[in-house]
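Below are two complexes that have chain A in common, paired first with chain B and then with chain C.
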Partner chain A sequence: MFFQLATSGIATGCAYALIALGFVMIWNTASVVNFAQGEFVVIAMFVALTCHVTLGWPLWMVLPLAVLLPAIVGYATERVVIRPVIGAAEMTIVTVTIGLQIVLSDAAKIIYGGQPYSFPPLIAGKPLSLAGIVVPRQSLVVIASMIVLAIGLHFLSQKTSFGKRLRAVSQDRETAKLMGIDVNRTIAQGFALSAAIAGFAGVLLAPIIYVSAGLGLPLLIKSFIAAIIGGFGSYIGALIGGLLIGVLDNLVGFYISSHYREVFTFLALILVLLFRPQGLFPHHR
Partner chain B sequence: MKRRNFLSYLTAGFVTLASLPALAQEPVRIGLDAVLTGPGANNGERIREAAQWAVDLVNQKGGVALPDGSKRPLELVVVDDQAKPDVGLSAIRRLVGDKSIVAFMGPDWSSVTYPTLFVGAEAGIPQFTSSVAQRITQEGHKHIFRARSTDTDWMGAMADYLVKQEGKKKIGVTYANNEFGRSGRDVFVKILKETHGLDPAVELSYAVGDKDFTSVAGRLIQSGVDVVVNLGNQPEGALLIKDLNNLGYGGLFAFNSADSIFLDLAKSNAEGVVGPLSWVHTKPDEKSKAFNVEFQKRFNRDPIGHSVIYFDSVNMIVDAIGKVGPTREAILKYLKSVDTWQGVQGTYHPSAPTGDMIHASVVIRYNKDLVPEVVSVRE
Partner chain C sequence: MQPEAPVAGTPLLEVRQLAVNFGGIRALRDVHLDVREGEFVALIGANGAGKTTTLKAILNSVEIARGEIRFRGRSTVGIATHHLVRMGIGVVPEGRRVFPASSVIENLELGALERTPKGEAGAIMTNVFDLFPVLKDRRTQMAGSLSGGEQQMLAMGRALMGKPDLLLLDEPSMGLAPKFVDRIFEILAGLRNTKTTILLIEQNALMSLEIADRAFVIDQGKTIMSGKASDLIDDPKIAGAYLGRSDEQISHAD
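Now for the complex of A and B:
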């Protein structure tokens, strides 16, 4: 049962990890903690739901759209909401992103109501049994997607001009500007990319946890904790932090009680902040 | 002088004659408070359409009959409580403040009904609700009529079915850690103990909003239960049965919210799921069948339990008006003297001291086509 729980936790943790990854990307490029990150997940979910379930469009057409639309919203968010307050007090920026979270969440509730909607699995079929561990196909899709995405992001970061610009901006904005990098544009593109990653997580999660307007905040909290535990600003830390939270959730739920899931998650956060405030993997930026 | 008097009388006569048709056509108004925006709006819209349909049917027959044999149009005045107590309070005050409204229906949500009960009580207006919280009818209000069976009825029916019909003895109980889940758990466990002498083999709770139920499903399977009774809301119930099925659970899954919302979420995982409901469109009695046929003709889909509750409530009010006329006091007094009233849902007892008019419930089981087959009926 231990491995069963761990496997299931890894699948859920992958989703937290992806959202945390987006968090970290925005933090690194713009020094902004974006509390609306969870809402990009919800936007992707509702785009997928509307296009696939309501309009009947095929998945191959819907999935890119569901990732693209949050990316556009992310880009617009930086241009319209964040850029005017860049340089303002930290509390101002935090308040703006919290306000954005509330606006996006309430807009989703007004349009779609508060009820959950089911979304069909991306790959249909009965769960697979691997070495005695039951793994739903959808969980395999999530785990495989996260691995592919992590490799892709590493490649993007290390080998492409865009990745190098992102890294340059995150390391030293002034120097990057002196080197001819359009910092504002790079930050906006970073926002778009992080929203696209969140959208990707939304598409993966939709068949597992149902689509609902109120999902953004709980996902945000778990992912935020994952990012802190991993080491805020660390990409590897965000990924591993997400996986740890997912697995911890399941193990506590089974061996102790479901009631104590949140307690142990926050306990882990407090312990990390007390004894290793820089997080578990602070140097992997 | 005589000529002037004659003209005055003539004018007065014309005015009276001119106003007579208007007076005759003055509608009898009944109110409806439902959730028409925000979460729960789907259900609220189904409530509104059923009540309006019942009103339309009355008007198609010439209107609501009065004790003197005359008829007047029936009008439904609808307000929206948005499932919020503060909004509900002002919405109900609007209904009650309109003296032409002789009775009203709603709210549906207990969290809105309970804190607003005093408004209807102070006004002495008959109020029909579909809220299930026990305390709504336990505080001595004389104006409240509950047109839906409650937790106690449902849990009794479900426990009977599981133990007597299915022969299950090793029962696991899971419940959501909210008012709905906890009260459901308390009622079910009490009935299981007192009526069948059984204790749950395992009891597990979970938080509303949990998304991964592998740990709960794992513990249930490890405990070897042959039936899981889940008490809570539809999203968590649908996720739990999915994870149970994923882990190869072969026992029965009973759920107190196994309605159409659950079915929409659980899809094929709902096959074999058992649940108690106040009414279901597949209920095999003649009245239900006839209602279902007419509803299908009108709306081109199946009715839900709330459709029947509000359809019946309108008709009960109309019957009362026919007996004693369209005043709040007379309708309230009359209903409190009626022992039985036959509706689509079953036999109502308007004179019940608490206001709990009906205890009818059914236990359904989703077949392989995901149709809710009635496996037990309790009147």
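Now for the complex of A and C:
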């Protein structure tokens, strides 16, 4: 039972991990703590819900849309909401992203109401049995997707000129300009990429949890905590932190009570902050 | 950005009557300087005289209150820093500013990324490694783990990777051990011989004047002297001005 719970926890954790990754990406490139990150996930979930469930479009058509739309919103977020306040006091920027979170979340509520919607599994078929552990196919799809995406992102950041620009901007924005890099444009693209990753996570997560307009904030909090536990600013830390939170969630939900999930998530955060404040994978800027 | 052919007789870089306000203080009052194609020009002055502010104004990263800056005969008003770099201004910033979490090779590649066609970058990197063999030895090392002198060489190599038409160096000798200072000036002298156009900003007036063709001296935000470096080096006023007249330094950080 333990391994079964852990495996499905890893699947949920994969989604948290991706959201945390995007969150950290925005922090690294723009020094912005984006409280609206969870809303990018929700946008993708509702795109998937409307197109796949309501309109009956096939997943292969829906997935690109569910990634693209948050990416566009992410890009617009940087241009319209963030850029005017870049360089302002940290609290100003935080307030602006909280404001955006409220606007996006309420917009979703106006359109879709507050009720939860169920989303069909991404892949049909009976659970697989691997070495005595019963694993839903869904979990395998999620885990495999995350591995592929993580490898793809690593390749993107190391090998492509976009990735190189992004890394330069993350390390030193002023000096990146001296390399001829258009820093504002790179940050906007970073927002788009980060929102696209969040969108991808949304599609993976939709069949696992009920889709609802209020999900953005709890998902943001999970991924924020995942990023802190992993070592704020570290990509690998965000991934591992997300997986840990996912597994912890699932184990607590089964062995203790699903009401205590948040309690244990925060307990983990407190323990890390007390005994290893730099996180599991300390990040040096 | 299309590189434009320089208009005959006009300097590559020209700064006229430049004034800049910085945090409520008039950091520059009246700075002028010019750099011609193929020339090595030094901008010298005490700490706080306004040298770095002048460089920031040239790169459009501070607001200009008055005056005019022309690169290749064209006003730089409204041209963003990264566009000026793409137009051919290479910068070795104060404090080196290498990308610490990237390797030496990655730092050099970033210097070429927006400026040099991919096919040419390899050949330029070979030249940079010839100029700074230590960078070749440390090419896979993270830049943050290099010594100050090595980081300075990396910052210079990184700027050269962009094949700059004008190379701006801000205090390259600052904070370095004497043997590295000598080495940096040797390299600068070598660059002069390759006819790279250079504007060197330095507190180390004597060493700068020894290798420059011409020099401008700024004090309290004003160009107070200019001329051939070989003439200035013998000027008694220069010697007097660069032994640290702390009472005349402006209070803002340069």
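Heads up, the rule we're going with is that the second predicted complex is superposed on the first by the 276 of 285 C-alpha atoms of A that agree within 3 Å, B and C clash if a C-alpha of one lies under 4 Å from a C-alpha of the other, contacts with A are read in each partner's own complex, and residues count from 1 in each chain.
Everything below uses one rule, namely that a contact is a pair of C-beta atoms (placed from the backbone, for glycine too) under 8 Å apart; a residue touches a chain by one contact, two chains touch by 3 or more.
Everything quoted here is computed from the prediction, not taken from an experiment.
Asks: Check the residue A:S8 against both partner chains and state whether it touches chain B (first), chain C (second), both, or neither.
Replies: After superposing on A, A:S8 lies in contact with chain B but is clear of chain C.
Asks: Considering only the touch criterion stated at the top, classify A:S258 as touching first (chain B), second (chain C), both, or neither.
Replies: In the superposition, A:S258 touches chain B alone.
Asks: Please tell me which partner, chain B or chain C, touches more residues of chain A.
Replies: Partner with more touched residues of chain A: B.
Asks: Who does A:G114 touch here: chain B (first), chain C (second), both, or neither?
Replies: In the superposed model, A:G114 contacts chain B only, not chain C.
Asks: According to the stated criteria, A:I208 is in contact with first (chain B), second (chain C), both, or neither; which is it?
Replies: First partner only.
Asks: Please work out whether A:T175 is in contact with chain B alone, chain C alone, both, or neither, and reply first, second, both or neither.
Replies: second
Asks: Quick check on the superposed pair: does A:P127 touch chain B, chain C, both, or neither? Answer first, second, both or neither.
Replies: first
Asks: Tell me the contact category for A:K164 with respect to chain B and chain C: first, second, both or neither.
Replies: Second partner only, chain C.
Asks: Taking the complex as given, what residues does chain A use to touch chain C?
Replies: Contacts found on chain A: 161, 164-165, 167-168, 171-172, 174-183, 284.
Asks: If you look only at chain A, which of its residues touch chain B in the complex?
Replies: Result: residues 1, 4-5, 8-9, 12, 109, 113-118, 127, 134, 136, 208-210, 212, 218, 246, 249-254, 257-259, 261-262 of chain A touch chain B.
Asks: Can you tell me which positions in chain C touch chain A when the two form their complex?
Replies: Chain C reaches chain A through residues 59, 61, 80-83, 85-86, 91, 93, 97, 99-102, 106, 109-111, 113-115, 158, 162.
Asks: Using the touch rule from the top, collect the residues of chain B that touch chain A in their complex.
Replies: Within the complex, chain B contacts chain A at residues 38-42, 177, 204-207, 209-212, 214-216, 218-219, 222, 234-235, 238-239, 243, 246-248, 261, 264-267.
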